[in-house]
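These notes open a run of structures that come right after.
You will see two complexes here that share chain A, one where it goes with chain B and one where it goes with chain C.
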Partner chain A sequence: MVLIVSADSPVTHLDAIDVRKLFLGLSVIRNDLSLRALDNRSDEKLRQAFLQNVVAMPEAAYEKRVLAIMLQQGAHRPQPFATTPALLAAVAADPAAVSVAWSTDVAQDRRLRVLRVLWRE
Partner chain B sequence: MKKGTRYAGVPRLTGKREMRNLLEVRPRARLTVSILLAVGLAGGAPPLLADENHNGSDSDWLLFPSFQVFRRSAAQDAAPQDDYEHGTVDVLFSHSAGPFRALAETEIAASEVEIERFQVGWELGENTLAWAGRFQQPSSAWNTEHHHGQYLQTAIARPNIELWEGEGGLMPQHVAGVLVDSHGSLGSDGGLTFAVGGGAAPILRLGQLEPVYVLRGNNGGHRASWSGRIAYQPELLGDDSFGLLLAQHDVNVVDPAVAAAFGANDVTLDVAGAFAKLVRDDWRVQAAFYHVGARFASGPRPRSESFGDGYLQVERPLSARWTPYARLEVSANAAHSSYVAFQSHEFETRRTLAGLRWDVWRNQALTVEVGHAATLVTRFSDVRLQWSCVLP
Partner chain C sequence: MARVTSTLASRIALVALAAHAVLLPLLFYGLTHVVERGLADQFIAQVRGFARVVADDFELGDALDSAERARTLLDSAILRGDGVYAELRGGGLDIRSTLSAATLPNPKRQDFDLGQGGDDVYFLMLPIDHAGRQVELWLGFDEKPTQVLITDVRERILVALGVYLALTLTLALLIGRWLSRPLTELQQRSRRVASGDYAVTLGAHTSLREVVELGQDLDRMRGELVGIGERLRREIAAKEAIEAERRTLEEQLRRKHRLETVGTLAGGVAHEFNNALVPIMLYTESLLLDALTDGPEREQLEGILSAARRARDIVRKVLTFSRSFDLTGLEPIRLEAVAEEMIKLFTALVPPSIRVERAFAAETPLVLGDAGAVTQLLMNLCTNAYQAMQGGGVLTVGTACIEAANGPAGDERRSLVELYVRDTGHGMDAATIERIFEPFFTTREVGTGTGLGLAVAHGIATHLGATILVESAPGHGTTFRVRFRAMPADDERIADAARGLERSAG
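Let's look at the complex of A and B:
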């Protein structure tokens, strides 16, 4: 599982804590760009890897935490995507977008850039 | 009447139920509640999934419908009138464009529609937001976390010291002014959050605190309020936090009966508190304690008094769906406080409760709660049943 951004994104590095903040709906700014997390819901195994290795909490706790932060700060939930092609197209089109995907899904996609490996099977 | 209650003779004043009679019951509000509850009951709506045409909208919204019924053992004339609405929908809307933020939280009930929060903000940095508008003051441990979203709190009833103004609450909760909210890291693993707000405090009118309204007309006379909280998180972005709360509210007493009982037409509330939230091995513990000083300086005989109030709530999920919980609320010196006496029928000096929440479906919960409480004038037991939900 890898962390991906658009090939046009100015972002070159994100710490683990920044990635967690982003997927909880908190603000992360790089190069004057407010980053936006996109939620990859295309694959259950990927989802479980994301919950364990990125936000470190079970699904229900994660959803409640995101809702609570939205209620407290007016933050935005990560926009969920049901299919990989839709997610990859959205990331490619938005320099502020950040998401996760299987490395095999993005390996040949020149529209995208891999920031880091988050988990290896 | 409780023996030794020095100020319990303050005449019973108009509470929320009477206030509602003064308000026009809006048929459209009833209709809206019905429709939204029906949508919720249709239930289990998954989050909206984006498609290829998603345009990166920076607006978001949430609905928190809830419905509850309850039965109370006390006689009607002695029981608190802080009854929750049977059905409410809390609507949260947020929008951002660059560093600009807007947030509106509206509570829709059968008897009234009120904008609870209406804030416009500016992101001063990655971790700092400055807001202007009507907000919920940050020195409330419970409300800062849950606001009006019933679904997100395990228990049905809020702790008594955290009640909203219109429910017989003793503490100002909604302030119109400026709020700065910031968070950051502390040390290698920890986090520190900080919030401070200042603005117009509620006035005390018709037997209850009355904040600055957004939709209704205001009577003026609001005086200054400031409030703040600072919290330490042992793990940045973790569940655990410990914090201190401070506030000072200058409350203009417009109600002649209450002013006569106070011997002053103004009361300054000095609030100091502490809170803790701990999650350990499936146990969740939330506790807060407030020391409230009330100064009556404007009368012929300036005086001051104080009381304390706190609560401890413990939850232990048995599975992903079942969560039993219990809470103890206690107060100190409340029976000797003239400030507490203005809500003598509403403010519970002691409450014990236990409940069971069943997350019956995705984003929906059924909760049953039994409690026993004492006010300055009576004791009673109650049982509540609530359905709550979040959409979409």
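Let's look at the complex of A and C:
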């Protein structure tokens, strides 16, 4: 599971804390660009790996935490995507977009760029 | 197949038990699932959060710059949490905490939920990107405390549900008894009614409308059934009375037929016997007229004539019994007047040890009869009574007005005037009563009575259209009752008799 951005994105690096903040709906700014997290829900195993290694919470706790941050800080929850192509297209189209995907799904996609590996099987 | 019955209380308890047999397992598994899921999520949140913090320390700090510091941080990771395994791999590192109490399975496994792998250890791996070095942080956490907690909670839920079931069944039994109490009361009252206590009202002291209305309905049924029962009892009593009267009438009819048969036979014999007596008496009287002087022959003729005359008297009595009695010219008579005349005559004839009493009813209707015949009837009855009281006693002659049913249905009534003779003599048994009116039947010694007195009385009563009854028991005296049909007040014969009396007085 890798962290991906658009090939046009100015972002070159995000550490683990930034990634977690981003997917909890908190604001992360890089190069004067407010990053936007996209929630990949196309695969259950990817989802479990994301919950364990990125946000480090169970599903229910993650949903509760996101909701609390939305209500407390007026943040936007990550936009969910049910299919990988739709997600990849959305990431490719937005330089501020950040998401997670299987490395096999993005390896040949020149519209995208891998920032870091988040989990290995 | 017989239907199994049970009490309302046990039925409610059984229904409650059946319902809970279905619901409680569902409730148990539902509750335990919620609790297990909650505890598992809590464990996962804890270990994931803790692992993330450790991984961040490695990624953002400088622990990876020194193997010793890295090992210290790994040991710290185990000491701070429920960690049982900590290891750094890759990027030229292979550092494992000396405090590790578990072994990473081969092949390596990462868990995403509590209980996976079956080794009571939750393994997870976090990739660390530190200064261009790609390192894997492997951590393992002990699942046993959480699983023990889950087992403990499951047992507590089981106990709680068991207690709940016991309380529910107890409550169901109590509710069942409370509900069945008015029904039991109603049942007891209905059983009292069934046992004959019809005064008991069917109802129960309860506020349950259904039971109250049931009691009211049953009470209405009880009222109707009691009414029907009373009517049935009255009808049965009436039928029994009619049946008894029918049996009495049959007995009277049978006795009458027997007496008629005897009377016919006796009358025929008496008639022939009378025919034979007439020439005997005529020739004897003729011979007596020819016998001018006294002598043995004359005495013998007078003896023959005397015997013939006694035989003639007996023949007359037999003829009286056998309908040969001449009862022409019946007229309205008052029984008290006839009885009074007879008593005056009879009182002079009986010894002082016999006390004759009168018990006449006031204002009795007239009856159609013959004063002479009634006098003879009464004389015969009184003579019989006197003979039954040789040691003395009380002889009562009385009258009474009675109403009797006319016919088996008893729907018409007729007025009767009863003339009765009661003695305090030795009484009679049933066998004697059965034959008392037969001619020549007597309980007296041979030669002291002809046995014709009561037969003649019966014959007179029959020819007068009256009935004669006898009531007697040994040691309790005897009562003869002669019942005449009362004449209606508007009968013309009464008016004619009154006019005749006025003319004779004028």
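Couple of notes before you dig in:
What we mean here is this: the second predicted complex is superposed on the first by the 121 of 121 C-alpha atoms of A that agree within 3 Å, B and C clash if a C-alpha of one lies under 4 Å from a C-alpha of the other, contacts with A are read in each partner's own complex, and residues count from 1 in each chain.
Operating definition for what follows: a contact is a pair of C-beta atoms (placed from the backbone, for glycine too) under 8 Å apart; a residue touches a chain by one contact, two chains touch by 3 or more.
Just so it is clear, the model here is predicted, and its values are computed rather than measured.
For chain A, the partner with contacts to more residues, out of chain B and chain C, is B.
Of the two partner chains placed by superposition, chain B and chain C are both touched by A:Ala60. Applying the stated contact rule after C-alpha superposition, one finds that A:Glu121 touches chain C and leaves chain B untouched.
Looking at the shared chain after the overlay, A:Phe81 reaches chain B, while chain C stays out of its contact range. By the touch criterion defined above, A:Ile17 reaches both chain B and chain C. In the superposed model, A:Arg111 makes contact with neither chain B nor chain C.
In the superposition on chain A, A:Asp94 makes contact with chain B only, not with chain C. On chain A, the surface touched by chain B in one complex and the surface touched by chain C in the other have residues 17, 20, 58, 60 in common. Of all residues in chain A, those touching chain C in their complex are 15-17, 20, 48-49, 51-53, 56-58, 60-61, 116-121. Put simply, chain C touches chain A in their complex at residues 41, 44-45, 48-49, 51-52, 55-56, 59-60, 110, 112, 124-129, 134, 136. Against chain A, in their complex, chain B makes its touches with residues 47-52, 54, 56, 58, 60, 62, 92, 94, 96, 98-99, 101-103, 105, 119, 121, 123, 125-127, 129, 144-147, 149, 152, 181, 185, 236-237, 320, 359, 363, 390.
The touching residues of chain A, counted against chain B in their complex, run 17, 20-21, 24, 26-29, 34, 36, 38, 41, 58, 60, 63-64, 67-68, 70-77, 79-82, 85-86, 89-90, 94, 97.
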